[in-house]
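In the two complexes that follow, subunit A is the common piece, with subunit B as its partner first and subunit C second.
On to the complex of A and B.
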C-alpha cells in the first residue's frame, strides 16, 4: 500500500526523490526555533537586534551545554537525573575555590569528571538502572553544594567574567557560543569513528561488543563527556550570573532532557542529534521567558510553556512519522 | 527449621526489613535507647505516604523497561491543593475533598497515558512533559493557598492505636489488597505478563493498551489520594509537598526487590524499603548532622544499597 509513494528504502534516498518526511523531521527543531523567533519579532520587533539577542540568550549558553551533557548520556540509552544538581555544585566550586585557590578548584572539577566516568562504569558493571543511580547522585551533588555554599554568594573568577562578557563583532556572543558548542559535539559524536561506536553502544550494544569494542569503555566515555559538558555548563552559568547558589542548577535536569528530545533525539537506540539538541535548548531558553514576557503571561506558566512546546513538537513529529509509513 | 530459615533469607524482600532494623538499632544505640518507640511510630506514619505512591510506581515500573511515572510530585502537589480547597476546612466536606483528590489524580493518570498512546513517546518523556504542565497549574492555582485541613481530617491522619498510627494499619490492609490484586486478579497478572514480554502478552490476547491505561490511572489516583493525606498530616497544602516522592517512590520499588526490567513485582519488600528510607532520615536527624551532610549521606546510601541489591542479571 505504502510502497507506491515511498521510494526504494533499501538503498540511499535517490537524488531527485528526497525522503520528504525525514527531511521535515530533521528540520523540525529549526522550524520550532523559527516559530518562537517569529513570535518574539511580532510581539516586540526591537528584541531582534544584537543587544536584544545578547540579553535574551544570556542563559541559553549554560542550558545548551547541559543539554549536550544530557545528550551524551541519552546516546547510551541512559538518563541523567542529576545533571541539574551537578551544574549547581560545579557553580559553587567555581564561585569559591576556583577563584580563591585555582589549583584546588581545577583538581576538584577534574575529579567531578572522573566521578562521572566511574558512575558510567558502575552502571555498566552492575547493570543498574541509571535513573535510580543518578537520582541518588543528585542528592550527593546537592548535599556537597549546600556544604560548600550554605548561603548564596561567592564570586566568579575574573577570567570567566571576561569570557562571558565578550562582545564579538556582528554576531552576539551567545549565538556564536551555541554554534561552537554544536559544532564541537557534532564533529565529536557524529563525524569520528569512535563517535559512531559510542552511538552504536546505545543502538545495538550486542553488535558493538561482538565486534570487539569494550562496552565498559564506551559507557565510561559517554559519562565522562557528560561530566565535562556539565562542568562547562556550571562555569558558563556562574560566568553569567557572577555569583552562585546551591540550588542554582535545579531546573536544568528537566530542561536538558526536554532540549535533547526537542532537538530530535530518540530516547532509545542511540539516535541523538547534537545540532538539534543545541537548537532545542535555544528554543526552550527563548520560549520559557522572553516570549512569555512579551505575551504578558505571568512567570508561573513558564514551566508549562516548556511542557506545552515539548508536547506540540512531539505531536508534530508523530504526524510526520505517520506519513513516513514506517513498518 | 533450617530449611525454613534459608527459604526466608532467599526471599529478596527480607533484606529491606533487615536494613530497616539495622538503621533503627543504629539510631537507638546513638540515643541510648530513649525514643525508640516514638521513632518507630513516626517512621510508620511517614512510611505510609511513601508506600502509597510506591505501590502505584511499582505497578507502572512492572509494565516493563522505560515505564515510570515522573509526574508523581506535581500530581501530589496539585491534588493536595485541590483536596484542601474542596474541603474548605469543613468536616462535612471531607468525603468530597477525598473524591476530588482521587478524581484529580485519575485525570492526571489519564492525561499521562493519552500522551504516551497518542504521541507514541516513551512514558518518561510523556510523564515529564505532563509534570511541567501540572506543576504550572499547581503554582498558579495553589500559591498562597492557606486553607487548613478540616480538624476531623487532620486528626484522622494522626490517630494512633497503642502507638501504631491508624493510617499504617490501613496501609497494611491496602498492601494486602494490592498484593492480591497483583498476584490473583486478571488485571495484576496482565501487568506482570506485559512486563515480561509485551509482544507475547498481546499475542496471548491481553488488551495491552487497556491494561497499561488502567495502570497509569491507578498510579495517578494513588498519587492523588497521597496528596490529600499529606495535606492532612502536615496541616495544609503546599506546591513542594510532593517533591521528595520522586526519588522515594522509585527507590523503594528498586530496594524492595522489584525488577526495574519489569515483569517481577514485590509488595512486602516495598514496605520494608519505605521503613528503611524513613528510618534512615530519622537516624541522620538524631545524629544531628547538617542539611548538606544529610543530603550527601542519603544519596550515597541509596546508591550503595542499589549497587549492593544489584541490577537484574544481563539477559540474553
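On to the complex of A and C.
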C-alpha cells in the first residue's frame, strides 16, 4: 500500500527534499508565537514597535538561553530540574566575583560547566535517573547562591551591562540575540557531524554504541553544553536586571522545559529543535507578562493566568501534532 | 568439501549463559571468504545470541573467536567494525529521530568536515540504488517517517557502505521479514553479487526456501548447539524442518479420560484476530486447554490481550462469556509487583473476595496464599517474604497461583514458562490439567512444542493470522513448523 501511494522521489536533490509532516512539525512553534503576537497587536497596537519589543522581550534572552540549555539535556532523554537554581547561582557569581575578582569569577563559571559534564558522566555511569540527580543539584546550587548572596544585591560588571543595553539599528536587541542563539544551537546540534551522534544517543542509544561511539562522551558533551548555556543565561539575566538575588532564576526550570516542548521537542527520543525552542521561549516570555498586562489582568492573578495560558498552548500543540501523526 | 577459499571466521566452543539458562552450549562454526552461510533454527535455538557474539555486542562466557586467523583482543562492536564485520540486527538499529544520511554518518566515524552531510547522503543513496533500484528513499528523510520496509532497506544498504573500513562479513538477521517479495528478491540478488565479489555473508531467515536457494552452506541450530552443517544442495525443505525440530518421537501421554468431544461444554471464548479475513477463529469451551502456537511475535500475545480486554468491554468479533485472568510471560515487566510480599502478589487478583468491610483482610490473604503455596509447592520458608526472594520458577508459580486462586473461569497464559526449569514445568502441567478438568478454560500461548502436547486443540499463528487449526490427534511438530513458516516462493 505504502509503496504505491508514495511517489518515486529519486529525482529530487540530496538535501532539502520536501517532507510535509516534518514541515508541519517545524511550523507549529512559529504558529503559536504568531498567535500570541496577534493577541498583543490586537490589544495594544503600539506594543508592536522597536521600543515595544525591546521592553517586552528584555527577559526573553535569558529564558531562551536557559531553554537551549534544557534542550541539550532533553536531547539525551534526560531532564534538568536544576537549571533554574543554576541560573540563579551563576547570577550571584556574576554580580559579585565576576565584577570584583574577574579571574575567580571566570574560573568558577568554567568550573560550573565542568560540574555539569561530571553530572552527565555520573548519570550515565551509575545509570541514575537524571530527575533525581538534578533535583538534588538544584538544592546544592540554591544553597551556594544563598551563601554567596544572602540578601539581594551585587552589581553586574559594566561590560555585561553594555552588551545587554546594545541598541542595534532596525532590529531590537532581544530579537537579534534570539536569532544568534538559535543559529548557534542549530548549527551545533543539527548540522555538525557530532551533533548527529548526540541526537542519535537520545533516539537509539543502543545503535550509537553498536556503531562504536562512546555514550559516556555523548552524555558529558550534552550536559556540558547545558552548563555552558546555563552560564550564558545567568550572565544575560544579570546584565538585564543589573543586580542579583539567590532566587532570581527559580521560575526558569519549568519555563525552560515548557519552552523546549512548546518548540516541538519531545521528552524522549532525541527529538528537539533549537530554533523551535528559542521561538517557544519567546512565546512564553511574551505570554507571561506583556500579554496579561494588556489583557488588564491584575498582578495578583498573573501567575495563575500565565499557567493557564501555558496549559492551553501546550494542549493545542499536542492536539495538532497528534492529528499530524494520524493523517 | 574441498574448500580452498581462505577462512574468515572461526568460532570454537562458544558457550553463553543467561543466568541459569544455557543459550549456547559449545558452538563451533567456520566461515570462508566469499561464502554465504545460511543459519536456521527455531526461536530460542541460539542463532541471534551467536551472531551478537560474532558482532561484538555480546561476549561469550567460554570459547574462542578468530577473525582471519587472528584472535582479536577486547572484542567489541568497534573492533568488529574495524575488522569488517557488519551486522543487520533483527531489531532495527537505526536512530528514528535522525535522517537517513545522518544514520549513515553514525555508522562511519570518518564522515566529518563541512560536506559530511552531502557525502553521507551520496554514499547511502548509491548503495540503495545498487541494491534496491527504485527504492524511493531520500537521504534527508527522517527514519521515523519511513515505513518499516524502507527502514529495513536503509539498514541493509548501510551495512554494505564502505568508507575507510572494509566490509568482509555481513550478518543479515531476518533481513527479508519486513520486505515484500519484490524487494526481498532485489536484496537476495545483491547478496549473491556481493558474495561473488568475495564478501562473506551469514543469512538468518525463517523462510526456508530462501535459505536453500541462496546459501552455499546451511547450519541448523537447536537448543544452543549446531545439529547439522552441510552444503545447501544437501537439504530440502523437509530435511531442514526435520533437523530443526525434535526428531525423536515422544510417547504421547494422552490419558483416555481426556478424550473429550469438542463443543459438548458451554462456549467460553470466540475470538478472531483483527486482521483475519475469511475463515479462522479461535474457539474455546469450558474445560478445554487451547494452544496458541507459531513463531514468537506472530500475533498470539496481542490476541490474548484483546480477549482480556473483551472480557470487560464488549468488542466486535469477540465473545467472552466468563471472567478472565492473565498469566504474564514477561514476569519482570508485567507480572510481579517487585516490592510486595509473595502473599500480596498472589492475592492481588482476588481482592474482592479477600475484603472484610473496606479493608483487605490480612488473614484471608494469608490463607489464600498458604493454600496455594502448599498446593503448587512454592518453595519459601515464609509466604510474607518479598516476592524477589523466590527463584524465577517459583515466582512464576506465584503468578499461576494469582490466576488460579482468583474467580476467573478463563486463564490466558502468555508463554509463561520461559526460563522455567523442567521440574517446575511438569508440576504446572499437572496443575493446569487438573484445573481444566474442574471446568476452567485455558488459552495457552507457547513457543515450546512439549507444551502444545498438553493442549486439547492448537491454533497456529503466522503474521497475526490463524493459519492452522489442529485437533489433538492431528498435532505433530512437523505440522506446527510447516504452518509456522511461510511457503517460500
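What we mean here is this: the second predicted complex is superposed on the first by the 276 of 327 C-alpha atoms of A that agree within 3 Å, B and C clash if a C-alpha of one lies under 4 Å from a C-alpha of the other, contacts with A are read in each partner's own complex, and residues count from 1 in each chain.
Throughout what follows, a residue touches a chain if its C-beta (ideal position, glycine included) is under 8 Å from a C-beta of that chain, and two chains touch if they have at least 3 such contacts.
Bear in mind the structure is a predicted one, so any value in this text is a computation, not a measurement.
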Partner chain in contact with A:243 - subunit B first, subunit C second, else both or neither: neither
Which of subunit B and subunit C A:44 touches, first, second, both or neither: neither
Broader residue contact with subunit A after superposition on the shared chain, subunit B or subunit C: B
First, second, both or neither for A:300, with subunit B first and subunit C second: first
Which superposed partner A:318 touches (first subunit B, second subunit C, both, neither): first
Touching partner for A:206 - first (subunit B), second (subunit C), both, neither: both
Partner chain in contact with A:196 - subunit B first, subunit C second, else both or neither: second
Partner chain in contact with A:271 - subunit B first, subunit C second, else both or neither: second
Shared contact residues on subunit A - subunit B and subunit C: 206
In the complex, subunit C residues that touch subunit A: 55, 57, 76-78, 81, 87, 89, 93-98, 101-103, 105-107, 109, 111-113, 116-118, 121-122, 125, 129, 134-142, 145, 147, 149, 180
Residue ranges of subunit B in contact with subunit A within the complex: 66, 68, 115, 118-122, 124-125, 128-133, 135-137, 139-140, 143, 246-247, 250-251, 254, 260, 290-300, 302-303, 306-307, 310-314, 316
In the complex with subunit B, residue positions of subunit A that touch it: 79, 122, 126-129, 131-133, 135-148, 150, 206, 254, 257-258, 261, 267-268, 298, 300-308, 310-311, 314-315, 317-318
Touching residues on subunit A, where the partner in the complex is subunit C: 2-3, 6-10, 12, 14-17, 19, 21-22, 191, 193-194, 196-197, 199-200, 202-204, 206-213, 269-271
